[in-house]
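One chain, chain A, appears in both complexes that follow, with chain B as partner in the first and chain C in the second.
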Partner chain A sequence: MISFIGRSIVQKIITLFFVSIVSFLIIHLAPGEPSQVDPMNPKFTREMVERFREEFHLDKPLYRQYLYFYRDLFSGKTISWKDNQPAFKKIWERFLNSLPLFIVGTILTWTISFPVGIRSAIFRGGIYDRSATFFSYLLISIPGFFFAYILIMFVVNQFHVPVIGMETFGIGETSGFNRIMDRIWHLLLPSLLGATAGIAVLSRFVRSQMLEVEGQDYVRTAKAKGLAPDQVHYKHALRNALLPFVTMFGLILPGLIGGSVIIESIFAWPGMGRMAYEAILARDYPIILTLNFVSAVLVLIGTFISDLLYMVVDPRIRL
Partner chain B sequence: MEHTNTDMHDNQLDEPLAPKRTRLEEFWRLFKQNRLAIAGMVFFIVFFFLAIAGFTLTRGNTPVLDPALVRLQDKLRPPLTRPNLERLRPHEIPKLGIYIFGTDDLGRDVFARMLQGSWVSLTVGFVAVGISVLIGIFLGGIAGYYGSRPIRIGQLLVLAFLFTGVVLLINKLIWAGSVVLIGSAVCILISIQIKKAASAKSRSAAARLWNFKTISIDTVVMRFVDIMLCFPSFFLILTVVALLPASIYNIMIVIGLTTWMGATRFVRAEFLSLREQDFVAAARALGLSNFRIIFRHMIPNAVAPVLVSATIGIASAILTEAGLSFLGFGVPPPHATWGNILSDGKRFIFDAPWLTFVPGIAILIIVLSFNLFGEGLRDVLNPKLRERN
Partner chain C sequence: MTTKRILILAPLVLTVILLQSYLWVPTYEEQAKGNPQRLHQYINASIGDAAILNPILSADSASSEITDKVFEGLIDRDEELRFRGRLAASWDISEEAFFYVNAATDVPGLDQVSPRAIIDLIQAARNQKARFSAELQKTLDNIVTVSLVSARTERVTEQIRDPSDDQKTQKIDITISAPARIKLYLKTVDQDLFVHLSQILGKNYFNSFDGAKFLVTTPAVGTDQLNALVQKFLPAVEHNPIIEFQLRPDVKFHDGHSVDAHDVKFTYDAIMHPRNLSPRVSSYEPVKEVLVIDPLTVRVIYKRLYSPAIGSWAMGILPEHLLNDAALKKEALALGKDLQSFSMRQSGFNRHPIGCGPFVFREWVSDQYIFLDRFDEYWEGPPHYEKYVFRVIPDLLTQEMEFYAGTIDSYGVQPHQVKRLKDDPNFQSFSGTSLGFSYIGYNVRRKPFGDRRVRQALSMAIDVNKIIEYVLYNQGERITGPFPKQTDFYNPSIEPVPYDPEGALKLLAEAGWNRNDQGWLEKNGQRLQFKLITNNGNDIRKAILAIAQDSWKQIGIDVRTDLVEWAVFIQERVNKLDFDALVLGWSMGIDPDLYQIWHSSQTGYNQLNFVGFANNEADDLIIKIRQEYNHAQLVEYCHRLHDIIANEQPYTFLFVSRWTAILDKRIVIKEFDDQANIAYRKITPTKTGNYTFHFNKWIKLAQAPEFAP
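This part shows the complex of A and B:
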C-alpha cells in the first residue's frame, strides 16, 4: 500500500511535469503573439508592444519563458496579462461561481441515474428498459447548445421566469423569498444541462453493472431460497453492483474545474468555462496555462483517489 | 436443380462441412435483430448521400442551390413558403421554387445552407476519426507488439539529435541544424558498428553503455497517453483552434490529434492478447516478417473494437465541430455549417424558431444514428455480450 502510494505519487509528478511542458509548447508554438491581439488599436504603438513583450518576458527564448512562468506559478505571483489581476484570485472568484452549478449538477446526475439504471436492469427488455435506453442515447446525442435553447424556450414561455445570468438584474431590493426562487430558477437550467450527458452515461453504466451482478450464482441462490424480490435486488445485487461507483467519486473531481464553456456562454454565467473562453479569445496565456495546470492536477488527484478507494473497498485488488 | 443439390448434400455428409454462413452473413443475421441499429445505419447511409449531393449542388461559382445568395426581400420566411416572385430578380429565384426550411435573417435559403453544412459535418467526422484511428493503430500497435523491448541509450541519442536538429532547422539556424542532423547520422552508424561487433563476446564498456537499457517502449507510449488524458479535451481543442488560423482542415486535424488516446488503448490491449495466440506463433514459426504478421494477421483481428469506437468517435467529432462553430470558431463565415446556422439563428429564437430547430434536429439525428449504429456493432462484434443477450 505504502509503496503503491509512493510510486504513484512519483509517477504523477513526472506526468505533471510533461503536461506542463506540452501545454506550454502548444500555446507558444501556435502562430501569432499576444502582443498582436489588437493590431488595429492605435494605442498599440511599436514602443508599447516592445514594452509589453519585455514586461512579460516574451522577448526571451522559450525555455527561459517556461522557467519564468512556472516560477511565478509556484510562488503564486502569476498575473493575468489582460487586467494584471493575480491569476489565482481570478480563478478562485470564478470557481466560486461555478461551484453551485457543479454541486447541483452532480447531485442531479447521481440521484436520477441510479433509480433509472436499476429499474432498467430489473425489468430488462421491457418497455421501460427500452425507452430508458433510447432516451439515454437521445440525451448523449443532443447537442448541448440546442437542448439549452429548447429548455430556455420552454421555461420562458411556460413559467415566465428569466433564466439568463446568475440572477435577475436589480433583484437586490426584493424580499428574501423572491430572491431565493430567482436564484433557483437561474441555477436549475444550466445545472440540468450540465448533468444530461452524465445522467445518460451513468444510468447505462448502472444498468450494465446491475445486469452483471444479477447473473451471478449467489443472486440465483438468493432467489432460489425464496427471498422477496426487493431483498434480492437491493440487498444482494445492488450492494455488489455499487463497487465500481465508489471509485467514480474520484473521477468527478476534474469536473470541478472543467465547467462547460458552451453552457456558461449561453447562460452568461460568469464561471470557469466562460473565463477560459474569454482568456482564449484574449490570448491571456497565464490564465490559460494556470487553468490547464490546475485541471491536470485535479485529474491526477482524481485518478489517485479512485485507485485508493478501489483498494479500500475491494480487498481483492492489489496494486 | 434444388433436388440435385440436396442429393449431393446427402452424399457428402461424411466429409467435413464448412460453416454454411460466411462471417458477413452471420454478422448481418445478428445485426438485423437490433432494430435501433438498423435505423441508425439507414440514417447514416441517407446522410452520406445527402452530404455528397450537398457538396456537388452547392459548390462552384454558379451552384444549383446557392447557400450564400442574399435575398433581403425574402428574409425570415418560415419553412415551406413560396418565394415572393414579383420582388425577386430572375437569378435570385430559388431553383426548387419553395423554401423547404425557410430563410434566415439575410434571406439565404436554409435548405441550401444545410446541404452545404452536411458535407462539412461528414468530412470533419470521417477525417478527424481517420486521423485518430491511424495514430491509435500506429502507437497502440507499437506498444502492444514491440512493447516489451527497451529503448537503448544509443537510440535515445539518435532521437535527441534528430529532434534538436529539426527544431534548429525550424528556427532557421541552417548550419547548426545540419551539424546536429549529421550527428544523428553518426549515431546510427555507431549503432550499426556495435551491432556488427556484438558477436564478439567481450564488449567494451563504451558499447555496453551505448546499449544500456532504459525504459520500455510500452511505458513511453502509455505514459504519453496518460499525459494527453490530463488535458480537458474540449478546452484543449478550443485553445488550439482559437490560436490557429480559421479553417476547416485545422479543426479536423486538431480533433484528430486530441482524440487518439482511446483507440491507442484498445489496439494495445488487443495486440497484447493476440500476440500470445497460436496463430501468431504459427505465423512467426513460418518465418513471416513482423510487418506481415502485424498487417496481415493481427490488425484484421484487432480492428473490431476500434471500428466500434471509431463509429462513436464520428458522432462526438460532429458534436465537437458543431460546438466550435457555435462558439464562432472554425469555418470562416460565408461557408455554412450546422453549428453556425444555429449560432446565427439564436438571435431570432422566438421569431424564427426554425433557424434553431432545423440544424439542431439535424445534428441530433445524425449523432444519434451514429451512436445507435456503433452500439449495434459493439453488440454484434463482441461475442461475450452476444451470448448474454
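This part shows the complex of A and C:
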C-alpha cells in the first residue's frame, strides 16, 4: 500500500513535468499574440511592441520562457498580463464563485440520476423506462445554450424574477437570510443546466450497470431465497453496481477548475470558465498556463484518489 | 428499506430547498418601481469587464468607458467635433522655428553671410513687405521676433543599432560643433515658413546646409547612420510648435487635492516612463518637453510639426500626489514588494482610481459590476444622476432580457433587430454611423492589380447596395474614401462607384482583358485569376467573400476564396504581404492622420499599408496633413487626398456600418431656464450622432413625459 502510494506519486510528478512542457509548447506555438503586442493596432509602434515583448520575456528562446514562467509560478509571483493582478489571487476568487455552481450541480446530478436509473432498470421496457430513455436522449442532444435561453425566457416572462448573475443586482442592502435565499435562487437555473447533461448520461449508466448486475447468479439466488424485491434490488444488486461509480467520483475533481464557459457567459456568472475563455482570447499566457497546471494537478490527484477509493471498496483489489 | 427511502427523499428535499428560494426573490417590478433610488442610477451593460482603470495604461474600450467618467483631460471634442476646453480654460498654439546659418552658400544681396546680416535681412524684409508675393507677406506678418542662438559645442553619447546585426547596439561618441542658429518666434504654426523664406535667402539656402561637416563621431559610422545622426542633432531647419494651456482654477481631484500644472506634467512623464509601458507613448513621442510656467500654465513644446498631437491632451490627468515616486515607494513598502520592480502598473490605484471627472469611483467587483458616485464638486456642476453603474453581462441575449426588465438602461440593438425595435413606442432610439469601414484591398504589387483600370472594374462589378441590404439588414452606408464619414475631412462630393458590370467589362477590355469562348477573361492566353481571402469567424466578411466571388465570376473572373484563422491571417498573410486580395475593415479615430495606412513608406513587412499603395501626390498630402494646424486648410488637403485615393481604388470601399441604441423612454435631459425653472427636454443626438454627449444632464423620470412634437 505504502509502496503503491510512493510509486504512484513519483509517476504522477513525471507525468506532470511532461504535461507542463507540452501545454507550454502548445500555447506558445499556437498562432496569435497577446493583445498587448497586437501587431494590427496602428497605435502600437514597433518600439513599444518590443518593450512589451521584453517585459513579458517574449523575446527570449522558448526554454528560457518556460523556466521563467515556472520559476514565477512556484514562487507565486505570476501576474496576469491583462490587469497585473496576481494569477493565483484571480484564480482563487473565480474558483470561489464557481464552487457553489459546481457543488449544487454535482449534488443534483448524483442524487437525481440514481433513483431515475435504478427504477428504469427494475422496470425495464416499461412505459417509465421508455419515457426516461426518451428524455435522457432529448437532454443529451439539446444544445446547452439553446436550452438555457428557453429556460431564461420562460422564467423571466412567467415569474418576472431576475435569474442573471450570482445575486439580484442591487440587493446589497437587504437582510442576511433574504440574501442567502436570493443566492440559492440564482444558483438554481445555471446549476440545473449544468447538471442536465450529467443527469441524462449518468442515469443511463446507472441503468445499464444495474441491468448487468441484476442478471448475475447471486441476484437470482437472492430472489430465489425469497427476499423482498427491495432487499434484492437495493442491497444485493445496487451495492455491486456502485463499484464503477467510485472511480468516476475521483474524476469529478478536475471539473472543479473547468467551470462552464457557455453557462457562465449566458448567466453573467463571474466564474472560472469565463475567465479561462477570456484569457485564451487575449492570449494571457500566465493565466492560461497557471490554470492548465492547476487542472493537471487536480486530474492527477483525482485519479490517485479514485485508485485509493477502489481499493477501499473492492476487497478483490490489492495492490 | 432505508436505502430506497434515502434515494428518493434526497433529490426531493434538494429540489424543494432550491425551488422555495423563488419566494424570497424580489420581482423585476419591485426592483424597478418599489425602489425610488433606481431613478437616480444609470445602469449600463458591457460584454467585457474593464482591465485597468488608469487612463494612461488602459487600451480596452470597457476600461475607457469608466476612466472617461472618473478622469478628465485638458480638452475634448464638442458637438461639432471641434476641440473645447475642459481642465484647460483656454490654449494658444504658436511656434518657434530654427535654422542654421549656412555660410557655404551665397545669399542674394549679401556680401558676407554672417548671422547678424541674415537677421537684418529678414528684419528689413519685414519692414518693406510690399515687394514680395502675397504668401511671403503672410509668412513675414506671422513672425513676431527674430533672434540669434550662438554657436555651440557639445559632446554626447548615443546608442545606435549595428547595421549588420539588428539585435546589437553600438555606443558612439559624438562631438558637435554647431554654427549659430536663427530663431524665429511665430504667432501661428506655418509649415511653409522655410519654403517662403527661401524667396529671400536663396533657393538652396536651406537644403544646401551640410550638417555632417559639424559633427564628428568616434568610431566612424556608415553614411546612412551618419545621416540619421545629422537629422537628429543638426537638422538644417526645425519647427517647434508650442501649445500653452491655461488651466481652470479651483478644479479638485476627488480627494480634495487641487489640480495644477504639475499634474499635467506628471501625467506626461508617467506616459513616457519606460517602466510604465504605456500604450499611448506614440501619441506623445513628438513632444520635446512639457514646462510648468506657473501652477495654472503649462507649455508643451514639440520636436516637429505634428498636428494630431493636440488631440492627445484629451487624456485623463492623473493626480501626482498619489502616484509619484514617493507615493509608489510607500505603497511598495506597505505591500512588501520589491522597490525596484514596483511601478505604476502594479499600483492599487489602477483598481481604485481617483481623478477629477464627473464621477467618483466607489467599487469594482471583477466581472460583475463597477459602481461610480457622482462628484458633487465637479467644476461644471455635478451630473444629475447620483450613480453610474457598469454591469458586465457577456451575453447579448441576456442583456436584451435585462433591458426589457428595466435593470439596464440602454441596449445596443443588433442589425437584424433594428426593424423591430427602432420604432417601438416603448423606447427612444438613436442611430448613427460608426467610425471605421469595411473594404476589399488589392495587393497592387501583384498582377493584375497594378493596373488602376482593373481595380476600378472590380469595384464596379460588385453591387454594394445589395450587400448593405441583405448582409447588413440596411444598417450600413456607402463610403468612398478613408476618412470617417461624420467628419469634415470626408469629401461628400465624391460619388460611390456605381454598380455597372458592363462598364467594368469595358474597362477590363481597355486593360487588355477579353472574354474567351468559355466566358473567362483572358490576356495573352492567361486567365484573370486570383484568390480573395478573409479571416474566419466574421460572418459579415464571409458573406462579402461569397458575394464578391459570385459578382466577379459573372463577368468572367476566376476567383478562389479562402477563410483563414485570424492570427494566421495577420501573421502569415497580411504581415508577410502574401495575398492577392482580402476583405478587412479599419476602425479609426477622428484624426485625419493617414500616414501608417496610406503612406508609401509604410508598405514593408509588418506595416499597415499592406496593399502597397504609393502615389507621390498622396504622400505629399499625407505629410502636409500631419503638419497642418489650420482646420480649413486641413479640410482642403483631406478632400484632395480622398479624391486621389477614391480614384486610384487600391481598396473597394464597401460600407460603414450603422449602430442603433435604444434607451428607456423615461430618460430625458433636465435643464434650468433663465428663471431657474426646471425644464425637461428630449435627448437629441449631436450632429455626429453622439447621443450621450449631454450625459451629465440626463435624469430618469418616474413617468415618460410627453413632448410637443
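Here is the rule we go by: the second predicted complex is superposed on the first by the 300 of 319 C-alpha atoms of A that agree within 3 Å, B and C clash if a C-alpha of one lies under 4 Å from a C-alpha of the other, contacts with A are read in each partner's own complex, and residues count from 1 in each chain.
By definition in this document, contacts are C-beta pairs under 8 Å (C-beta built on N, C-alpha and C of every residue); 3 or more make two chains touch, one makes a residue touch a chain.
Just so it is clear, the structure is predicted and the values come from calculations on it, not from any experiment.
Once the complexes are laid over each other on chain A, chain B and chain C cannot both fit and instead clash.
Of the two partner chains placed by the overlay, only chain B lies in contact with A:Ala276; chain C stays clear of it. In the superposition on chain A, contact is made by A:Pro31 with both chain B and chain C. When the two structures are aligned on the shared chain, A:Ser265 is found in touch with chain B and with chain C. When chain B and chain C are set side by side, the one touching more residues of chain A is C. Shared-chain residue A:Thr15: touches chain B; no touch with chain C. Of the two partner chains placed by the overlay, only chain B lies in contact with A:Tyr137; chain C stays clear of it.
Touch criterion met: A:Met153 reaches chain B and chain C at once.
Of the two partner chains placed around the shared chain by superposition, chain B is the only one that A:Leu300 touches, whereas chain C remains out of contact.
Only one of the chain B stretches 134-142, 296-304 or 332-340 carries C-alpha atoms that clash with chain C in the superposed arrangement, namely 332-340. Shared contact residues of chain A, touching chain B in one structure and chain C in the other: 30-32, 149, 152-153, 265.
Residues 14-16, 18-19, 22-23, 26-27, 30-32, 134, 137-138, 140-146, 149-150, 152-153, 211, 215, 254, 257-258, 261-262, 265, 276-277, 280-281, 283, 288, 291-292, 295-296, 299-300 of chain A are the ones that touch chain B when the two sit in their complex.
Within the complex, the chain A residues that touch chain C are 30-33, 35-36, 39-48, 51-52, 55, 82-84, 90, 93-94, 104, 107-108, 111-112, 114-115, 118, 149, 152-153, 156, 159-162, 164-166, 168-171, 177-178, 181-182, 184-185, 187-188, 228, 230-231, 233-235, 238, 265-268, 270, 274-275, 278. If you check the complex, the residues on chain C that touch chain A are 1, 3-4, 7-8, 10-11, 14, 17-29, 31, 35, 38, 43, 48, 51-52, 59, 274, 277, 279-283, 285, 345-346, 350-351, 365-369, 391-395, 397-398, 401-402, 405, 407, 565-568, 570-572, 574-575, 596-597, 606, 608.
The residues of chain B lying in touch with chain A in their complex are 36, 223, 226-232, 234-236, 238-240, 242-245, 315, 319, 322-323, 326-327, 342-343, 346, 349-350, 353, 356, 359-361, 363-364, 367-368, 371-372, 375, 388.
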